[in-house]
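Below are two complexes that have chain A in common, paired first with chain B and then with chain C.
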Partner chain A sequence: MKNGIGRIATATFTYGFLGLMAFLSIFPFIWMVLGASNSSIDIIKGRILPGEAFTANVGKFFTTVNVPLVFWNSAKVAIFATVLTLAVSSLAGYGFEMFRSRHRERVYRAMLLTLMIPFAALMIPLFIMMGKAGLINTHIAVVLPSIGSAFVIFYFRQSTKAFPSELRDAAKVDGLKEWQIFLFIYVPVMRSTYAAAFIIVFMTAWNNYLWPLIVLQSNETKTITLVISSLASAYYPDYGVVMVGTILATLPTLAVFFFMQRQFVQGMLGSVK
Partner chain B sequence: MDNLARAYLPRIAGLALAGASFLAVTAAEAKEITIWCWDPNFNVAIMKEAGARYTKTHPDVTFNVVDFAKTDVEQKLQTGLASGTADALPDIVLIEDYGAQKYLQSFPGAFAPLSGTVDYSGFAPYKAEVMTVDGQVYGMPFDSGVTGLYYRKDYLEQAGFKPEDMQNLTWDRFIEIGKQVEAKTGKKMMGLDPNDAGIVRIMMQSAGQWYFDKEGKPNITGNAALKAALETVGKIMQADIYKPANGWTDWVGTFTSGDVATVVTGVWITGTVKAQPDQAGKWGVAPIPALAVDGATHASNLGGSSWYVLESSAEKAEAIDFLNEIYGKDIDFYQKILQERGAVGTLLAARGGAAYEAADPFFGGEKVWQTFSDWLSKVPSVNYGVFTNEADTAVTAQLPAITQGTPVDEVLKAIDSEISGQIQ
Partner chain C sequence: MALARRGGIGRYYDVNGWLFVAPALGLIALFMIYPIAWSLWMSFQSGRGMMMKFAGFANIVRLWNDPVFIKALTNTMTYFVVQVPIMILLALILASLLNNPRLVGRGLFRTAIFLPCVTSLVAYSVLFKGMFAIDGIVNSTLAAVGIISSPIPWLTHPFWAKTLVIIAITWRWTGYNMIFYLAALQNIDRSIYEVARIDGVPAWARFTHITIPLLKPVILFTTVISTIGTLQLFDEVYNLTEGKGGPSNATLTLSLYIYNLTFRFMPSFGYAATVSYVIVILVALLACIQFYAARERDR
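Let's turn to the complex of A and B:
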């Protein structure tokens, strides 16, 4: 029953609001790209137009930072962390939902409670453990603590609720063993869940900062986040170079997200069902 | 076959033995010193230069300078010391002077005392004070944050002031000049970040006071210098001769953009000032204005850091010898880091070198480095104590109250209660 003017007003408001929100979320990205093309001084002065210093900034970044090594380190950590986390945590999520036992819910709740412990509180004990195991300054030490992730287990268990138990029963009748059911039935059916979890875990691992900082000790093992942090904390940071580093560090997560976007949305919808 | 074996076996055995002993010798002699510090263009580059110099005369010692952000170095050091995992620590670490007492007192025995080795009388006196606990001196003094008043000659001339008029000012006179500069040129006198208490620290130390007394007890309500400093900041704000800045980058922008006529800060800003080639010849340097209290001087300090050797280090002896040889004695090294990096060391003898005596065309041919190193020896010694950063937070939190005209004594009480609450 709305009249024309009312509808136009509503639409204007809706799109105006959406546009504003879109601008707010995309602005840091624009700023990063523009910044990479400007000199540090221009960035400080607040210039938001494309500049001419892009090649100079890229050149400086590549001469101050051992780019291939740093990216190799980051990629190694992120890929191993992602694959192992998905393997371990999805098995756990599957197990929690499929197998009944008297203490299942209690164990599950206890595990969820660990989500409330801030990482800063775990850091020193974890560091001592790694020290005793002789793993300080190795990438293994960066990956290990993340693979049994309570959040990912929770996410997989919630999604498994949507997994039709008839499929499992049918597979059992056909004589499949439990590991075969998991591998050949569960994993293909749940692939959008895996894709969504992959994006989340990969981004977390790629952007992880505090723990790698504590456990990595040499220039040869450092990941990209640590390198950018050190560039940005100079007495006179060259913001143009920092922006180049930030762009390069963003690209892999961006690529992963774009490739898996469709599955990501499906996976997210699936988990609410 | 047997003969062959018999003929060659001794040789092979001999070779193997020689190889083994060769390996053993290298293992015993090659020493790598690991160093953590921040800023790839400053501390890291300087430490690499220092290491290269030492390796020239001691080929068996090499250096691994690891570069982390400043807060990252602090976090890693804290974790390493707290966990007691000695092999997780470097041999040498850079610590900012404000935080030195916190580490030295919180982790007794973690750092190697250098009192017997290093001749501290050759350094700026305030610097040794920073690293002394119970009569033992730890650490190798490194760079200084000796302060100066950088001013735009062109703006001040327009307002009718010559370089002579900028020497040995009081803060009241500084504010008066600021009013005239704004009236004549439309420029503000200085940039001021209301969330950074750096200017308060500069003023307070210039009168020989700090948030803490020599025993490390809070020194707030009876601190005449702190009171005068807060009053001065209040006056600057009331006179409206400042350009407000939001954060460090913004503050730097106030003078790189040419919007303000003066900068009062540590000597390490010189590189940033000089990064504007179009402003060459327009800058001058004068001593900072003095407070109107007993013991007021024109010299102060902001920031600066020093090198510390870890007691747990396997290469402790080499690390100490290295610091002493290069940072304690090598005058030529100090010329090089001044020229290339703009680093003003705290070794007083360094000022006799060529780089310190050179005139700087950017500052209209003034011998700025010589001037700064003169002031360096005059910086009043204070005890930075364990809780400087906490005290600083409390002061920062109260700066808005000063702006709103709250009486300074009330503000001091509020700061005092906040600090007492924090450090108990």
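Let's turn to the complex of A and C:
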């Protein structure tokens, strides 16, 4: 058993360390909100008090950026990418787990290897492909390459292991076809898996940067991440305006996180459990 | 008769199985396998834009004589060697501290430390760029506390720019790794720790002799994930250092160099593809080494 002083020292270290880490983790968020209320000069000078420039910054943001269009672009890309990825990849995850064969097991393992392919090695061929297909500057080009996701397939296959096979057998006895079993039994039963996967895929698509940067070249198609990046890379960036942008870009994912924390973490963990 | 029926069911199973996985496999073949094979073929060609011809190993020779490539490779490896161990260790320590059920405010700490994972890579890079400005909040705080006497040139000095990138990535990803360890720790029987504690095993020894060995599979998994992520580093560097790779290319990464070769300078697809294959090979190599290292220690 530990003595009193030792225990106090341990507790001090634990709470001190965790407190410091928690503070450092949250600080940029606080700074972002405070920054949106300050002028660019004050932000660069390190002011950490609420200022009076909030409405001015918001106003400037809305005049420099076509906010509804940019949000619509981001939402469109993220929602289409998410719905299609979930549909295609959950079908595959279910297929790999339910209908096992030796060949398919080999294909599955080969498919998992694609997780190691760095995007940098794909972007040039993909760019040329999209160019040939006349899809540069379209949201289709952004969404298409991400739909067949080995990671999401893996996630669904792992989760399908918990799907009760009695349900499937019962449905079969009732004469349901395979696609009907999937659509009317599997999908409703697995809704929490879908919710978790939805959050993660949506967030990835919403925050995606490199590929949209390459493919979306006109202002009419740009997403919020691209807009923030170009605002911040100006020669003299207006940080107040940039802060308003980062808040607006972070708000949707932050809201999803706080309202669906359990599914959020579950989705992040994906495969481990 | 029995044989024929079994064959029939097998075929039926097989057809359905392939039907379910076909759309995904088709897309993966078209947007992953085909491009990665094309990239390999491209890496043996040279020329500007779409005018390419076979060049054998010319691109590989060019790699050796390209100081910018060597710089990008060194930087990428530096990030990997310095940042991944720091982050994994930090995440492990945080997870084992937070695994204590008697800890007050456990959920609060956990949520706070996980929160950075919610931000987009672009948004947090932009935030960090502002925070680490020469007169920014970080320098003024450090000066006020008395740690530094003159402001640190985070964005303009090669060493500090690299440090900033490492700080930034660590901020963004430590909580992510921590969540994996917390989940795995919950599966470990608490009584192991109780017994060790009663036997007088100090906290640090419990960490190195119980937690780390038991979490080895998860540590391996997160290390591989972090390796792949670090070798592909792009968004942060592009946004922290105006897309150019920082002061005298101090923060340039391989991905950023490929981007520059393809979309910023006169497009040189063949050479860029060669550089991209360096990442492919590095990822494969490092993943193998990590799996091998983890297996060795099993015995």
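By our rule, the second predicted complex is superposed on the first by the 238 of 273 C-alpha atoms of A that agree within 3 Å, B and C clash if a C-alpha of one lies under 4 Å from a C-alpha of the other, contacts with A are read in each partner's own complex, and residues count from 1 in each chain.
Keep in mind that, in the parts below, a residue touches a chain if its C-beta (ideal position, glycine included) is under 8 Å from a C-beta of that chain, and two chains touch if they have at least 3 such contacts.
All values derive from a computational prediction rather than experimental measurement.
Novice: For the three-chain model obtained by superposing on chain A, do chain B and chain C clash or fit?
Specialist: clash
Novice: Kindly classify A:Thr138 by the partners it touches after superposition: chain B alone (first), chain C alone (second), both, or neither?
Specialist: In the superposition, A:Thr138 contacts neither chain B nor chain C.
Novice: Applying the touch criterion given at the start, work out whether A:Lys45 contacts chain B, chain C, both or neither, answering first, second, both or neither.
Specialist: both
Novice: After superposition on the shared chain, which partner residues are touched by A:Asn66: those of chain B (first), chain C (second), both, or neither?
Specialist: Touch status of A:Asn66: no partner.
Novice: Which holds for A:Gln158: it touches chain B only (first), chain C only (second), both, or neither?
Specialist: neither
Novice: Quick one: is A:Phe127 in contact with chain B, with chain C, with both, or with neither? Answer first, second, both or neither.
Specialist: In the superposition, A:Phe127 contacts both chain B and chain C.
Novice: Using the superposition described at the top, determine whether chain B or chain C touches more residues of chain A.
Specialist: Higher number of touched chain A residues: C.
Novice: Quick one: classify A:Phe96 as touching chain B (first), chain C (second), both or neither.
Specialist: Second partner only, chain C.
Novice: Once the shared chain is lined up, is A:Thr250 touching chain B (first), chain C (second), both, or neither of them?
Specialist: second
Novice: Tell me which of 241-249, 277-285, 313-321 or 349-357 in chain B produces the clash with chain C after alignment on chain A.
Specialist: Superposition on chain A puts chain C right on top of 241-249.
Novice: Taking the contacts chain A makes with chain B in one complex and with chain C in the other, which residues are shared?
Specialist: In chain A, residues 44-46, 123-124, 127-128, 210, 214, 229, 232-233, 239 are touched by chain B and also by chain C.
Novice: Mind listing the chain C positions that touch chain A in their complex?
Specialist: For this pair, the touching residues of chain C are 13-14, 16-21, 23-28, 30-36, 38-39, 42, 50, 93-94, 97-98, 100, 103-104, 108-109, 111-124, 126-131, 133, 135-141, 171, 175-176, 179-180, 183-184, 203, 218, 221, 228, 231-232, 234-235, 238-239, 242-243, 254-255, 258-259, 262-263, 269, 272-273, 276-277, 279-280, 283-284, 287.
Novice: Quick one: which bits of chain B touch chain A in the complex? Just the residue numbers, please.
Specialist: Going by the criterion above, the answer is residues 34, 38-42, 64, 66-72, 75-76, 79-80, 82-85, 87-88, 90, 249-250, 252-253, 256-257, 268, 271-272, 275-276.
Novice: Under the definition above, what is the set of chain A residues touching chain B in their complex?
Specialist: 41, 44-46, 64, 123-124, 127-128, 131, 136, 210, 213-214, 217-219, 226, 229-236, 239
Novice: Touching chain C in the complex: which residues of chain A?
Specialist: It is residues 10, 14-15, 17-19, 21-26, 28-29, 31-32, 35, 43-48, 88-89, 91-92, 94-96, 98-101, 104, 107, 111, 114-129, 144-145, 147-148, 150, 153, 178, 182, 203, 206-207, 209-210, 214, 225, 228-229, 232-233, 239, 242-243, 246, 249-250, 253-254, 257, 261, 265, 268-269, 271-273 of chain A that touch chain C.
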